[in-house]
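Chain naming follows the written order as A, B, C, D and E, and within any one chain the residues start at number 1.
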Amino acid sequence: MDRNDIKKWFKSPDKMGDKYSLWAIYFCTGCGIIEIPPVITARWDAERFGVIPVATPRQSNLFLITGYVSVKTLRAIIRTYEQMPEPKYTVGFGSCPINGGMYWDSYNTIKHLDKYIPIDGWIAGCMPRPEAIFVAVTHLWTLIDQGKAKAYVKYREKYGLYRKNQEMALGKLDWPPLYTTGGGND
Amino acid sequence: MNFLTDYIYYIGACGLILIGLYILLTKHNLIKIIIGISIIDTGVNLLIISIGYKNDGTAPIFSRPGLIAENMVDPTVQALVLTAIVIGVAVLAMALTLAIRLYQHYGTLDMRKIKEQRW
Amino acid sequence: MNLAQLILISLCGAFLTYLLGKASSRIRDTFAVFISLLLIIPLFCLYGKNEEITYYSFLGLPLILKITPLSWLFAIAVQTITSLSVIFSLSYMKGKERLDFYYLMLLLVNTGMLGIVLSADLISFYIFWEIMSWSTFLLISYNRGPALHAGMKYIVMSIIGSASMIIGILSLYVNCGSLDFVQIASFIPRTSSGYTLFILILFCITFGIKNAIAPFHTWLPDAHSEAPSPFSAVLSGVLIKMGTYGFILFMYTIAGLNIIINIGGGSFHYLISILAAITIIFPTFIAVLQDDAKRLLAWSSIAQVGYIILGIAIGTGLGFVGGVFHFFNHAAFKALLFLSVGAVEYRTGTRDLNSLGGLIKKMPITFFCALIGVFGLIGMPLTNGFVSKWLIYKALILGEHPFLAFIALFGTWGTIIYSYKLIHNIFLGQLPEKFSNVRKAPVTMRIPVIFLSLVVVVFGILPGIPLKIIDTISASFGFQPQDIQIWGIASETGVLNMVNIFAAIFAALIFVWLLFLMGRKKINIAQDDSYAAGAYVPKDKYNYTVDFYKPLSGMIKPYLRDFVDDFYLWLADVIRTFSDKTRKIYCGDLGYYISYIVLFLAVLIVLKMGLKIW
Amino acid sequence: MVINILEIIISPVLAFIIGIFFMGLFRKITARLHWRYGPPVIQPFLDLIKLFHQQGFSHGPVFDLGIIMALAGSIVLILFIPFGGICPISNSGGLLVIIYIMLFAPLGIALSGGEAANPNISIGISRKLILALGYEVSFLLALLALMTYYNTISLVDIVEAQDNYKWALFSPLALSGIAYFIIMPAMLGIRPFDIAGAPQEISTGPAIEYGGKYLGLFNIWHALSMFVYIALFVDLFLGGGSNPLTFFIKMLVVFILLTFIHGVFPRFRIEQAIKYLWKWPVIISLSGLILITVIR
Amino acid sequence: MVNPILLIAVPLAFAFSIPLFGLISKRAGRFIPPVAMLFNLVLSIILIPDVLESPVSVFLSGFPPPFGINLYVGPLGILFSAVIALVGFLVSIYALDYIKEGAEEKYHMLYLALLTGATGVVLTGDIFNLFVFFEILCISSYGLVGYLGNKAGVESAVKYLIQGSVGSAFNLIGIALIYGQFGTLNMADIAANINSVSPNQLFIPLVLFIVGFGIEGAIFPLNAWLPDAHSSAPSTISAVLSGIAIETGVYAIARVTFTIFGASDILLFLVLLGLLTLLAGELSAFSQNNIKRMLAYSSIGQMGLILFALGIGTDYGIAGGLFQFINHALSKALIFLATGYMIYRMGSMEISSLEGIGKKMPVSSLCFTVGAFSLIGLPPFAGFPSKFMIVLSALEKHSNLFIVFIGIVFLGTVIEATYFFKVIQVLYFKGAPAGVPAEKKTEISPAQETIKDRGVITGAPIAALIPMIILALLIILIGVYPKAVDEILNASSIELLDRVKYIQGVLR
């Protein structure tokens, strides 16, 4: 952890700021809701890494999707993601967002979340323990440092594709497109 | 006795007026009320006359010999009464005319029932 | 041009406007604007003059017009507000019925007010007062519907007030032998204090009613909210201030400072101050509960008048200057707010705070002017309202009336509460779909509004301009003169330097703006792109303007009914019942009628013989 | 003149540093009270760095203007408040001006939030204003007690009058001081009075739509207002400070007490808060004011 | 120098010649009253300067008083006669159009007789003549009230007649008693000898006069006939009754109490009576829904005010009372005339049915407004100086009691203002009427039987407008320039108060 490295702060304040001030908005369903509170309370205390829960997407730059994603909640996830200011990072938590997990054959769950919004990293497991979140955070630090956590850029560039996927799952969306770029199937 | 002869006309006049007022206060039939007014008028006329009346008085005619001015009755009151009677008759005629019209409209002369104009 | 000609021109102008209206509405409009603007010029020229003219003799009493610095200030305010209101009317009233009548009455009210402030004897004061009163009544009732009730309330209270005034005037005449202000002023010190108190109370009832002081305020909310908006501006801006003028006139010109301070063991002016404080505190919180924009402003007017009277009645030079300055300021920003609300009403057709919203996108100029007005109302620094309120507070604190000061200061927070509600519910929040075609206000509506907001700001930053005039007035009443500078006021216990404060605020704003620019470039988004727990909420379902202060109103509403109004209505009801009972005497039965006659005769005889009544 | 300009530049910077420090300390102490480790004290500053290079979404001109106005108001306020001998604008209007400049911030944020048109913001603003109505009673009563007691409206004079350890808190003004202290959590918007921005209920209320630099400015405002209110308390009741250091120490003590209160109390509902604020602090401060008027 | 007897003789002669004119042309009759009244008006105005110089006393039978009957044309008399002639003239012009069909000749005859009676009452110097003229006035007004012959009119006329007869009987008793005491009927003669008799013997005739004339003068418990008669008579008659007839009653009371009896101890009682009448009238009018009835009650209130003013008993107060009399005559006549066509056009006397008439009948409504404002006492209308004088004279008493009285007077004013403003609001600001109401309340419309051609609601005809406009202008003129009537008022009040001068003027 290079939080106290002042030289780095002067060199790239944006990256350092992003790294050590990850304000997270959680999208918690199912068992995910059980795992998050220990992370932010006394037992594990995410705040010492600068990770704090915030109430609105406008204030956040880390999006944690924990638990399965149904068709109905997907709409809210997309909306929330689009309302977050850039730079923004997403982490899928648990197997459900990755591939449906134990709901792999349900008619009403979204199996591959990354078809709809870009994901920077996954935490596998069913359910992963809270420590896994810290692993994910440290990993995200590395990615930010290396400039690889650019999922939001991908979303902007391939917005047409994402939008098409979203509309395929949800039907016609009632809000206007966020970006005008990136049409086609690509 | 003297009192009675002196004041008999006044008593009569007062009696007539009071009778008239009594009628006005207690009767409800319009005709009776008009009669009451007529009686009051009569009473008042009597009152006026009796003011000018003198026992054993004479007509107030100076050209006739043997008549003394002190004994003459007051002629003014008689003129007054004449006028008053005329007025009374006029009012009476008017009242009766209106009573007829009223009866045509209401079919009754009971003043207790004729009170459309109120409040 | 002498004063009598001034009044005459104003009066003839009013009637000429009416007649021209019969010919063409265009000429009438132009002429109305012309005549009202024209009168400002001679009024300005009269500044500092001390002209006096006896123009008529009524029942052997000379009627005198005179201009003093005080009346000059009031006259200018009256004429300016009326002119702006006439200009505003051009488009606001367009297409309404009976416009000739409207302009006639508006200009007649103007004449009445000018006459009031210029008259130098009580009888012409009364005559102009009454002309103003009944023409106001006709204007308040102009809007039909609920306006009738409002007009009725107004005129009844107004007549009560003038009855009280005429008793006072004639009593003065009987005892003093003259109605000239100067003569009365020299008479008052010679008379007993009980009589002076009697006179003052009579006049305080009159002016209290016109000025809407606490127990007499009930006509105002109805009248202000129901009158046509341009006239509401006149009503609230200057017309109710005629009561203020009367207060000043009687307390300081006629009775004089020493008498006011000492009469009734010093309790009289304190009592008025307490009434004023009550007038501040309750109407402020009643205003919070209102859902009608103009009604809210009307209650606010009552509260602000409380400040004015508080400043005037407290009996120190600082307070007096503050009170008079607050009159001037209130005229500016309340007229501004009424006109803004009028513009909104003109474009949207409603003034219901629960159904408006989001008009900032459609009427930006009106919004910013209204914002300035609201800032003035609250008394934010850099507006004129701040300076006057500051003066009043300071007078109260240094005069050791901490509780009055507390009420005045706390009223300010109430003011913030309701004025934010006003601004928020009309201009901020989401735009309802039905108002998506609203256009910005027409030019004739924008001109007065912009002018007034300039007044608010300029006199807020350079308060010395009007304060100098007011200070000469206060000095002429025997108050300690204040050290007035162009930038504010300096006194032994503290300086108010508005230019300093302006510089500080301006610098801070610039600094913060630079800070703001330092950050990453902002992205403009649509208003409906707002966080709603991930949901996308369609338009028109997101309008949070209903019950804005629900928790608060739930708590205070039961205690804030207008009990005085209820009492008056109850009184009116009693009189109505009683009158119905009286009517029953004429029962229609002839027998009864005759018995009345006979009984009356009997009673007369009994009174004479038995009781020797006469 | 030069010193004055220097003071004008220095005092906001100092206030910013102290405010940010207090915010960090606040989080740290709260965490420790929760038996957590807590973030580094510098954390709020790190957050600011991030926020200023994040994107910000604007809903319109008033949205920007409001937050700028709020922060500018706080900065001006700092210029008016003596900070251990540093007071750039000492003699213009006194406490009354301070009371009014305090209005800039809530109004600015309210306007800004109003333009954003979010129901939760409206609720938050409504609560904020109502809460202000609640604590303002005791605040004004306390200030008036002071102003009456010292018969001046100038803050500098009040501070001077408390020289040589004649602190107002240990004078007949004690009641007012206590009342002021009781309402301070409400003024700062911390528990038990953080109803206006309750994140769990209405998603931080007025700040919902603030992201990026808007949130940055908002946080700076919060830090500065923390500084202002505590400094005001120190000035009014604890005799100010002869030099910035003593002043800072006094502030620290008050601040830590407030943080403890924040750490251990749950949140009031708005009606409860108003009922509370209109009961105990008002009784105390009113009796304080009555005491002052009686003894003078 | 014109002989004032013409003031009585000419109208009377014209009145009885109307049937003769009827032989020439059926329409000729209607032009007689204006001519007669114009004559009266001109004559009165010509007489005013002379009278102000020195009062004129005319001996009718050639004998000087106290033996002969005389007319005493003092300032008071000429003032009243001028006002009567003025109102009578204007109302008769109004009637040209208003009274079209039916027993037209009789109407005009009775109308002239009424005015003759009123003029006679105010000019005569003989108490029995006063009674006779009073009877002329009363009988013709009974006839005129019942003139339409409809249900309401006849009922009111009968009630009026019965009460009026009782009153005249009382008057006659009073006259008889007076004559019994003094042996003379000349008012000046009685007045000169009044102190020769102990006051205890005098109060019965005084009481009888107050009751007798009070019935006509609408003193509170005696005025039960008034609302009925005013509301059911044609509006012209209401105007004349209200503007002239009841005021002659008050005149008679004043004449009797001031000139004949010189009863200064009764004044406080008169004040109380006036206040009672004022309150009773205004309160009754307050919740009234029938406009003419409301106006009638308002007349009662105004009579109370005049009585109050007379009861103050100072010259200024009496002048104020007489000013109020002028104001009431003009304003109430104006209001009744204005309402006349409104009621006719709308077909109803309900106030609520007059909605929006301000637009259809602008001049009438404006005139109504002027009259109402004047009655309330708002400047710059005639009611203001009169109320001003009354209140001022009451305050000049320097008594706390009178301050309370003034409070009561203003309570009355406030109530009056309330109901008048209510009507004004209805006229101008209530919703516009939707054409002619489909179902007319025909039975209560007074003019309905005489005038059949009810078309769209239009303004009043020109013959009706002219008198109204003249009246309105006069009200404003007097209000702005009260000096116009100042001198005659002062002279009149002095005539009432200065008994010695009156006695000398008659008895020479």
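One rule holds in what follows: a contact is a pair of C-beta atoms (placed from the backbone, for glycine too) under 8 Å apart; a residue touches a chain by one contact, two chains touch by 3 or more.
Predicted model only: the values in this text are computed from it and were never measured.
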item	value
Chains contacting each of chain A and chain B, listed by label	C
Steps needed, at fewest, to go from chain A to chain E via touching chains	2
Most widely separated chain from chain D, with each centre as the mean of CA atoms	B
Higher-contact pair (C-beta pairs counted), A-C versus A-D	A-D
Chain whose Cα mean lies nearest the overall Cα mean	C
Greatest separation from chain C - chain, by CA centre	B
Centroid distance [mean C-alpha coordinates] between chain D and chain B, Å	99
Whole-Å separation of chain centres (CA-atom averages), chain B against chain E	28
Distance between the centres, which are taken as Cα means, of chain E and chain C, whole angstrom	43
Separation of chain B from chain C, taking each centre as the mean of its C-alpha atoms, in whole Å	68
Two or more partner chains touched - positions in chain A	56-58, 83
Multi-partner residues of chain D (each touching 2 or more other chains)	51, 53-57, 203, 208-209, 212
Touching two or more other chains - residue numbers and ranges from chain E	158-159, 162, 166, 227-228
Pairs of chains, among all present, that meet the touch criterion	A-C, A-D, B-C, B-E, C-D, C-E
List of chain C residues in touch with chain B within their complex	583-584, 586-591, 594-595, 598
List of chain B residues in touch with chain C within their complex	21, 24-26, 28, 33, 111-112, 114-119
Chain A to chain D touching residues, read off their complex	3, 9, 13-14, 16-18, 20-21, 23, 41-42, 45, 47-50, 52, 54-59, 61, 83-87
Chain C partner contacts - residues on chain E that touch it in the complex	158-159, 162-163, 166-167, 170, 203-204, 207-208, 210-211, 214-215, 221-222, 224-225, 227-228, 265-266, 268-269, 280, 283-288, 359, 373, 376, 378-380, 384-385, 387-389, 391-392, 395-396, 398, 403, 406-407, 410, 413-415, 417-418, 421-422, 424-425, 428-431, 482-483, 486
Interface residues, chain B side, partner chain E - complex	17, 20, 24, 30, 33-34, 37, 40-41, 44, 47-48, 51, 74, 76-77, 80, 83-84, 87, 90-91, 94-95, 98-99, 101-102, 105-106, 114, 116-118
